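In order of appearance the chains are A, B, C and D, and numbering begins at 1 in each one.
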Amino acid sequence: MEKIIGLIDAPFTPFYENGDVNLEPIPAYAKMLQKNGLKGVFINGSSGEGYMLTPEERMRLAEAWVAAAPKDFKVIVHVGSCCVRESRRLAEHAQKIGAWGIGAMAPPFPKIGRIEELVKYIEEIASGAPALPFYYYHIPAFNGAYLPMVKLLEAVDGRVPNFAGIKYTFESMYEYNQCRLYKNGKYDMLHGQDETILPCLAMGGAQGGIGGTTNYNGKNLVGIIEAWNRGDLEAARALQNYSQAVINVICHFRGNIVGGKRIMKLIGLDLGPNRTPFQNITPEEEVQLRKELEEIGFFQHCNEF
Amino acid sequence: MEKIIGLIDAPFTPFYENGDVNLEPIPAYAKMLQKNGLKGVFINGSSGEGYMLTPEERMRLAEAWVAAAPKDFKVIVHVGSCCVRESRRLAEHAQKIGAWGIGAMAPPFPKIGRIEELVKYIEEIASGAPALPFYYYHIPAFNGAYLPMVKLLEAVDGRVPNFAGIKYTFESMYEYNQCRLYKNGKYDMLHGQDETILPCLAMGGAQGGIGGTTNYNGKNLVGIIEAWNRGDLEAARALQNYSQAVINVICHFRGNIVGGKRIMKLIGLDLGPNRTPFQNITPEEEVQLRKELEEIGFFQHCNEF
Amino acid sequence: MEKIIGLIDAPFTPFYENGDVNLEPIPAYAKMLQKNGLKGVFINGSSGEGYMLTPEERMRLAEAWVAAAPKDFKVIVHVGSCCVRESRRLAEHAQKIGAWGIGAMAPPFPKIGRIEELVKYIEEIASGAPALPFYYYHIPAFNGAYLPMVKLLEAVDGRVPNFAGIKYTFESMYEYNQCRLYKNGKYDMLHGQDETILPCLAMGGAQGGIGGTTNYNGKNLVGIIEAWNRGDLEAARALQNYSQAVINVICHFRGNIVGGKRIMKLIGLDLGPNRTPFQNITPEEEVQLRKELEEIGFFQHCNEF
Amino acid sequence: MEKIIGLIDAPFTPFYENGDVNLEPIPAYAKMLQKNGLKGVFINGSSGEGYMLTPEERMRLAEAWVAAAPKDFKVIVHVGSCCVRESRRLAEHAQKIGAWGIGAMAPPFPKIGRIEELVKYIEEIASGAPALPFYYYHIPAFNGAYLPMVKLLEAVDGRVPNFAGIKYTFESMYEYNQCRLYKNGKYDMLHGQDETILPCLAMGGAQGGIGGTTNYNGKNLVGIIEAWNRGDLEAARALQNYSQAVINVICHFRGNIVGGKRIMKLIGLDLGPNRTPFQNITPEEEVQLRKELEEIGFFQHCNEF
């Protein structure tokens, strides 16, 4: 199966002020991402508030992104939900409309406690889009699914034919590397934490990844991989340190889903509010957010339109 | 606002073998519950695999239960989901079709960390069914929302007009009692753990409750309250101990959602399988389940048709 | 084996201002506790900052309490520590000096994950004081030992001859009751949460218990049992509700170890500061603590000298 | 303050079969470690079962290691315990006997919840050995002290004069790097996870570290740093992958404290059993352990005497 090379962006979902999904910004959004070096999008995931959307909204968004995608720009649709039937229907839809791939995280409810439960869940969804690669989205801090990923690979191997790999959003580089080494790299291990691309490259991974801060800091994150690949360790370190400085700022503003989304407005692409139960950035917080970004020279280095 | 007196049942959702929702058993189900002393149902909750259903399935189920409900039999619709818009739509639907009340647990994703997030979530849903009482379903073991419930009551008081009370499915009788004492019993505190009805009655609570094992052991659970109210402590203790013995059995079979649902078949109302990611009771397990129930004389004491 | 009837107090450890252990208040302390209806003490436990004491300090305290104990006043010595050798030595010492019994909680490090580990730990300690009853102190919120207690009883039964029972400081009244019912009450189940004595009595338990707020509110807590036993439910409820109101206050002041200890000074028995890493009540906090206690009429109902 | 360059070993504590501490192997142990490239030892830590030792045993061990230490071989004494007085006494002792440094992890009980509690704990201990560097041992998986380490550095800076740095045994390379960047590297950030030395080197860290598998695999772990420093990325990757394969094996045998300790016997230095509540490797397990190690050619690559 093809392996993803380069960084995929996890876009935010644009909303109108009244809370309806807003499809209008998507063509400009896709174009901007590609211009800054991103190779595609992983839509309706956690950054995209996918779990907070109705199934209809998720399908409309998928259609809009597929329609807006420039040439060679991959659209991966996150179809995970607490309802496996719903997820399977979303998988079928993704295949039908021409998405490049699909993905799903483990449901947060009921909490998955055993590999077999997870495999059954994956199997039922992945079989709805047999022509597309399926990526398991491992993000246990969000759903409590602290399961051993090598065991997952062993369990799906030979059972889920379109299982492509894992979007690995967890801190254990040891486990990441063990997954990467499984059957000499049989599965595609997408690095999922923008703060540690460089260390992961050193270990042999991170040539492909999915980022959340790539929405506004993608140029620098792509730059880490480029610098590493041309052997310029100092440049790679500088870009990784800088990218951590950006992440330090969003940690002061309720993380990427809330704080990061507001940064999009500050760089020129207003994507509107977050959906309840997220607490939106207040006007006072926005002033402070801009200030902290200015202090690290962010607006001279961020993504460009 | 009216307070619920007696026990409400949290029914399982019937499925056909192919996994489709099966509405056929519902009239007989409702009749059986009332015959055994239950005062209503809390549908599409955790026992009902509500989170594992599509919005359409949830609406069809609500309609079927409202249609099947005997006189004076309350139908409360759990409308909680990760998507507040979906939940609000389900709340509107519940009011339109004539449900008695609605409820919602905190979403498991994103994990609720602050009272204000929870209040906003509740507010948006409850306002979709302004004519119905709204019950917050507190079950932190399932969704990680370990928030202080007295603080919740203080926060909704004066802000969510149709907030009626809490279905309290947590072990802290201290907190339960503090909620009960809030403004001399302003809110309806529904006891939500069948294993501890008697101790809760002693403290002054549990005159109303919502049970999961009431589906098959309702007669005995109702009996605890009756015995207590007529001053027969020994009978109440015997029934509570017996009810714990029943719960001991289901703990060996992956709990009420899986093991309890299969008991329904054993007492004469086959409700079909569970939905993925639940792991269904195997035929071998079913034999063992029946055996353990026979050992405690269950089939002589269980709910009757 | 004899079962404990009535409430045992978990005393605070007195310190001088310089942080040394102060044995002087102990005779007056013991006398006061007995006067208010307490049947003994469980020393060097969590309220007593036992884990924060050196082995020598623990032995001196045990000696002082045994020496000060009035007739028929039980001294149970908590000997648990991360070092099983140390604990065994403390157990031997307790027996040698004439303590009534011993107890130990599971060590917080290494975190106990299996019953067999816990049994081995208990066995090694209990065998150091073969003539004394051993109580396992179950307080998983403090040490992470969330193990099933019925399984523990099954495992020690026939293996640890002086295993007497459990000081059960956890919210599950279901599990408490199941332990109580084990072999028709073979083991002594001491209730360990002052906020829920009444509900536990209703279920058939709580005739014996170990309290932390009994240090200053013992008269009322003893009163709950007395009222229940004479059939006065309303009085029992009033006293239980009142006792919860007292606990509500200490929850505002970092709990019983810190806030409760300072209450002792306010009722006339200054026991000095807490040991690091506890953060002592500041003078400003003390003023506020007194105020909140006055608002519930505490000084008219608290323990008397 | 001097920064540690190279890897420090966290040795196991030798016991006789009867469970007494055995000081005899220590000279040979120290010599072997130095021969394989280790720069010192961090004794009485988690690998050394320090929390399971009496204070006297800890002091005797410290004396034996200081006496056995070859020239330029650092002895750092872990003095942490639940009793800050005990820890301070151990710190004083360490300084008196000529140890190179001291360290302490946060106590597992009471669980540390705030930076100020931790700083007070550190301050009280570190001031007992003012002439020695103090290292905070961050291992939240063991003691629940999930506190932000940059905040700790800010809090001790200017307040604890001999605070030298952190032994960082946690997965977040992002936080590790932020600590490393604090005031341009003011504090010594010792890498504490043998499975991720290479990625950490890439980010600019890990020139100093403390390992647990260095006891038997130190040569290869030291080799990672050497390969990296001479620019041989492929060799560094091979050694890191190999070191992970070794760790994979000990994960099958209850981790390093239990499984790793038994490996010492297999390479020729029998250190005896573990202390309760650890469950010792059985003879059958030992056969299997040897087999799994042979399968990865361990005995051709392990530490040499």
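The criterion applied here is as follows: a contact is a pair of C-beta atoms (placed from the backbone, for glycine too) under 8 Å apart; a residue touches a chain by one contact, two chains touch by 3 or more.
Remember, it's a predicted structure, so these values are computed and weren't measured experimentally.
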item	value
Shortest contact path, chain B to chain D, counted in steps	2
For chain C, the least number of touch steps when starting out from chain B	1
Distance from the mean Cα position of chain B to that of chain A, given in whole angstrom	36
Geometric centre distance via CA averages, chain C-chain A, whole Å	51
Shared-contact residues (touching 2 or more other chains) in chain C	none
Overall pattern in which the protein chains touch one another (line/ring/star/complete/other)	ring
Complete list of chain pairs which touch one another	A-B, A-D, B-C, C-D
Complex contacts: residues of chain D adjacent to chain A	171-174, 177-178, 181, 193, 195-196, 198-204, 233, 236-237, 240-241, 244, 247-248
Contacting residues of chain B [partner chain A, same complex]	19, 51-55, 57, 81-86, 89, 107-112, 114, 116-118, 120-121, 124, 142-144, 257, 275-279
